[in-house]
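Here the chain labels run A, B, C and D in written order, and each chain numbers its own residues starting at 1.
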Amino acid sequence: MAIRVVVWGENIHEQTNAVVRSIYPIGMHRTIADALNADPGIEATTATLQEPEHGLPADRLEETDVLLWWGHKDHAAVSDDVVERIANRVWEGMGLVVLHSGHFSKIFKRLMGTTCGLKWREAGERERVWVVNPRHPIAAGLPEQFVIEYEEMYGEPFSVPEPLETVFVSWFAGGEVFRSGLTWRRGAGNIFYFRAGHETYPTYHDTTVHQVLRNGVRWAFNPQPRYTAVHDAPNVPVESALEPIVERGPRLHKPGDAGYR
Amino acid sequence: MAIRVVVWGENIHEQTNAVVRSIYPIGMHRTIADALNADPGIEATTATLQEPEHGLPADRLEETDVLLWWGHKDHAAVSDDVVERIANRVWEGMGLVVLHSGHFSKIFKRLMGTTCGLKWREAGERERVWVVNPRHPIAAGLPEQFVIEYEEMYGEPFSVPEPLETVFVSWFAGGEVFRSGLTWRRGAGNIFYFRAGHETYPTYHDTTVHQVLRNGVRWAFNPQPRYTAVHDAPNVPVESALEPIVERGPRLHKPGDAGYR
Amino acid sequence: MAIRVVVWGENIHEQTNAVVRSIYPIGMHRTIADALNADPGIEATTATLQEPEHGLPADRLEETDVLLWWGHKDHAAVSDDVVERIANRVWEGMGLVVLHSGHFSKIFKRLMGTTCGLKWREAGERERVWVVNPRHPIAAGLPEQFVIEYEEMYGEPFSVPEPLETVFVSWFAGGEVFRSGLTWRRGAGNIFYFRAGHETYPTYHDTTVHQVLRNGVRWAFNPQPRYTAVHDAPNVPVESALEPIVERGPRLHKPGDAGYR
Amino acid sequence: MAIRVVVWGENIHEQTNAVVRSIYPIGMHRTIADALNADPGIEATTATLQEPEHGLPADRLEETDVLLWWGHKDHAAVSDDVVERIANRVWEGMGLVVLHSGHFSKIFKRLMGTTCGLKWREAGERERVWVVNPRHPIAAGLPEQFVIEYEEMYGEPFSVPEPLETVFVSWFAGGEVFRSGLTWRRGAGNIFYFRAGHETYPTYHDTTVHQVLRNGVRWAFNPQPRYTAVHDAPNVPVESALEPIVERGPRLHKPGDAGYR
């Protein structure tokens, strides 16, 4: 069965900015989805900010294996409820691939627990993406480095938690560097941040970038059943202790009480 | 100069539960602060839920090097504004030591980005705390394992991000295990979670636990200046690029624009 | 195509100790290989200490995707050349699953760079293996904990590098704990250490342990091409620099020199 | 009491190469030691390849808190016994700071368990060292980036284990990047790799580099007692088990036997 992917796009600049529209006439989200669907093991659809519940109602998220997130202009417009719903699904095992300016999205900041800030410069600058973790699944089939001729610069420090693994580090013509491919696990969910993809440049038409996106989806996919127990904090009564113990001392809780939250 | 510590206590059960009051007549927070103040390099004061702004107004937090957090009964009563204020100070470099039931506090969940759930049983059970990272600063002066004869059991899985380092793992008489000493860095702030300390038992009167708390404070303390830049996402204009570059291609932002957040 | 696995067994106690022979009449290595071969995606064969080159000549290792290692009585008898050959294959991407007393094998110590010591007690003791990383691939299909009724105890501290992820933590009846499932990456090779499997107990006849072994193999398998460049330290001449630079200053090396090693 | 540091220098090119001698007339090792001794909390002396036991007899290493290592031309000339002696001291808690071409030293490869390879180009190239982990102790007092105008390029992939933390990432004029400040812990010993310092350039006369070296020493220093137990694998007899257990099942070892190694 194919990996069920939703590509979420903010879809604002495609509507309001002629340059962006000319580069991504079908929208960035559909361009990305098309690139993913070139892999027969992936079934990608799209969702946008403007749809009801941003296109991410609970029943759709429950049938989503991996979510890609691209947003920039109006992170604040994303409903807190939807953000919390996504976070819950990530903890249950849904993969999440956060793209470019999504570093400041509510969902990424929510899952990182940090500010996720960085430096930036919009100058159509050469970026060289270096693979620092060869043969990592996300680097499958990639050359040792690849060039994105026109990109927005993002510079360190990138205020995120130390990753599980660093996969890419980028070089910029103006003198900056950036850890441009990073992974984390949160609950049962795999998270991959990939830096490239400013909307005024044709980054998502690049075939090497397509390969990164497909690799990222495959890596983030967790084929195991939903880990719903991640939401629980179960009491284990004395009488069902694995090893026989005798209750001792005073206590706060009566039998059957839920714990405090 | 001494490390300036604030021990935050929820201070509810000490007021409402006779058993807890009898064990901690001056409150858990003061008991902990006294243990810390036995170290001449530490100056610990206290704050509680009931005080205005929970005793943590901005000016006090700005002069706090390390914050200890113990809460249990009413995490929800902590103001979201104060939580955000604390998170900001952690990112700037304030250390944070989260104790026991503080695993479900707003501030811990905020900084972890996960559910922070676990199993539990309140049965006055024997806990053996094993040092798995000998000579880690938090284990300084400790034996290879120590016993807390009466404790609440916390069992795995503990839904937190993979730590920077695992310092302690606990054994429980009823058959469970728990990673009971874990570290993370978020922004410039060091975070230490220490499991022990249920309010119906005299854990915070234990001298070995005192040593852990003092070690934890010393480890979490970041002596460097406040890292206020963690809140920024500065634009680096083309004309101030470190290496000479020429602007190319279209752009969204006008010179001097702030980025989107 | 199936994952090509070699199960390496020291094969001494099966020959010299009646108890071990009675539990593993076909040898531990064949017992393990049979358990792996129950997965149609795995093709496991065996190799032993006593064979020429310990059954691991270069051409066989080149066709091995994942190697499992069980040794105990005579780690020193393993040839240093073969150890180095294995290490090279791990760096190139061969997976390695190290079992139980293999913690003191030459190959494990070689790849960890630490002493790999631990505490132990041979008393047929109850071990409870807890999954601390639910939905990790190595925990696929496992219950939240499982019991191995008779096992040798291994106790912390386990002197290995901080792992990429901790998957299992074990509880022992005698009061010890142990991080019993740990992962690392070295070069392009994935390494999984699994604690259980003392030769005087029937651990490798346990179906849950079989599941762990199969999961471990699948996790350790790196389907990408051999990463032979891991052995190189290539010079990048000025004239082939990605960005045009001009050579400046004095130098040690003449054009075409190899670097020092 | 001051931190007792030994700066180890290979001391070959200072003797055989006029350029190197002119830049480092007192030797690189003494130049580095002088920079360290500017910190009143550090007492640095030197040792070289040419001295008996390379200047690192057992009694000297026992009184060494942190060892710095610079070697390049003849790593093979370092005695395996001395390498093993140093590794043992690191596991016991001695800090180790490995510099530049020391990436291929026996001691670094021994402790990493990987090939430690990288790309290189000797062209007097501009290096920009970026702090990616602000307020890490090793970055204390540093600007957000600093320039080393003439350096040898080292390029990714750098074949080392995923670090505990990445502190620096370097940009090179020719288009490469490098994780130029990385940390690990092995046993009780803290290890810091710092990239810069090619012998044909005046890197170790740079005051910012001096600050990095001093910070690195202070970070790597473990003030706790020697962790000699790291060498042991103690048996814990049934009769001294922490929790009462009864021996069951067959066993290999007689009471009092040492384990196999």
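Here is the rule we go by: a residue touches a chain if its C-beta (ideal position, glycine included) is under 8 Å from a C-beta of that chain, and two chains touch if they have at least 3 such contacts.
By chain, UniProt protein names: A, B, C, D = Trehalose utilization protein.
Owing to the predicted nature of the structure, the values given are computational and were not obtained by experimental measurement.
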Fill in: Reaching chain C (Trehalose utilization protein) from chain A (Trehalose utilization protein) through chains that touch each other, fewest steps
1
Worksheet, complete the sentence: Of all chains, the one whose CA centroid lies most distant from that of chain C (Trehalose utilization protein) is B
Discussion item. When contacts are scored as defined above, which chain pair ends up with more C-beta pairs, B-D or A-D?
Written reply: A-D
Discussion item. Given that chain B (Trehalose utilization protein) and chain C (Trehalose utilization protein) are copies of one sequence and touch, is their interface built from the same residue numbers on both sides (over half shared) or different ones?
Written reply: same
Worksheet item: Hey, how far is the Cα centre of chain A (Trehalose utilization protein) from the one of chain B (Trehalose utilization protein), in Å?
Response: 27
Discussion item. Roughly how far is chain A (Trehalose utilization protein) from chain D (Trehalose utilization protein), centre to centre by C-alpha average, rounded to an integer in Å?
Written reply: 36
Response to the item:
Taking each chain's mean CA coordinate, chain B (Trehalose utilization protein) and chain D (Trehalose utilization protein) are separated, in whole Å, by 31
Worksheet item: Which chain B (Trehalose utilization protein) residues sit where two or more other chains touch them?
Response: 128, 133-134, 144-145, 155, 162, 164-165, 173, 175-176, 185, 230, 242-243
Worksheet item: How about chain C (Trehalose utilization protein): which of its residues touch chain D (Trehalose utilization protein) in the complex?
Response: 13, 17, 19-20, 72-76, 87, 91, 101, 104, 110-115, 117-125, 150, 153, 155, 159, 161-162, 164, 173-176, 184-187, 199-201, 230-238, 241-243, 245-253, 259-261
Worksheet, complete the sentence: As the complex stands, chain D (Trehalose utilization protein) meets chain B (Trehalose utilization protein) at residues 93, 128, 133-135, 137, 140-141, 144-145, 164-165, 173, 185, 188, 222, 224, 227, 229-230, 242-243
Discussion item. Touching residues of chain C (Trehalose utilization protein) toward chain B (Trehalose utilization protein) in the complex: what are they?
Written reply: 128, 130-134, 144-145, 155-158, 162, 164-166, 169-172, 175-177, 179
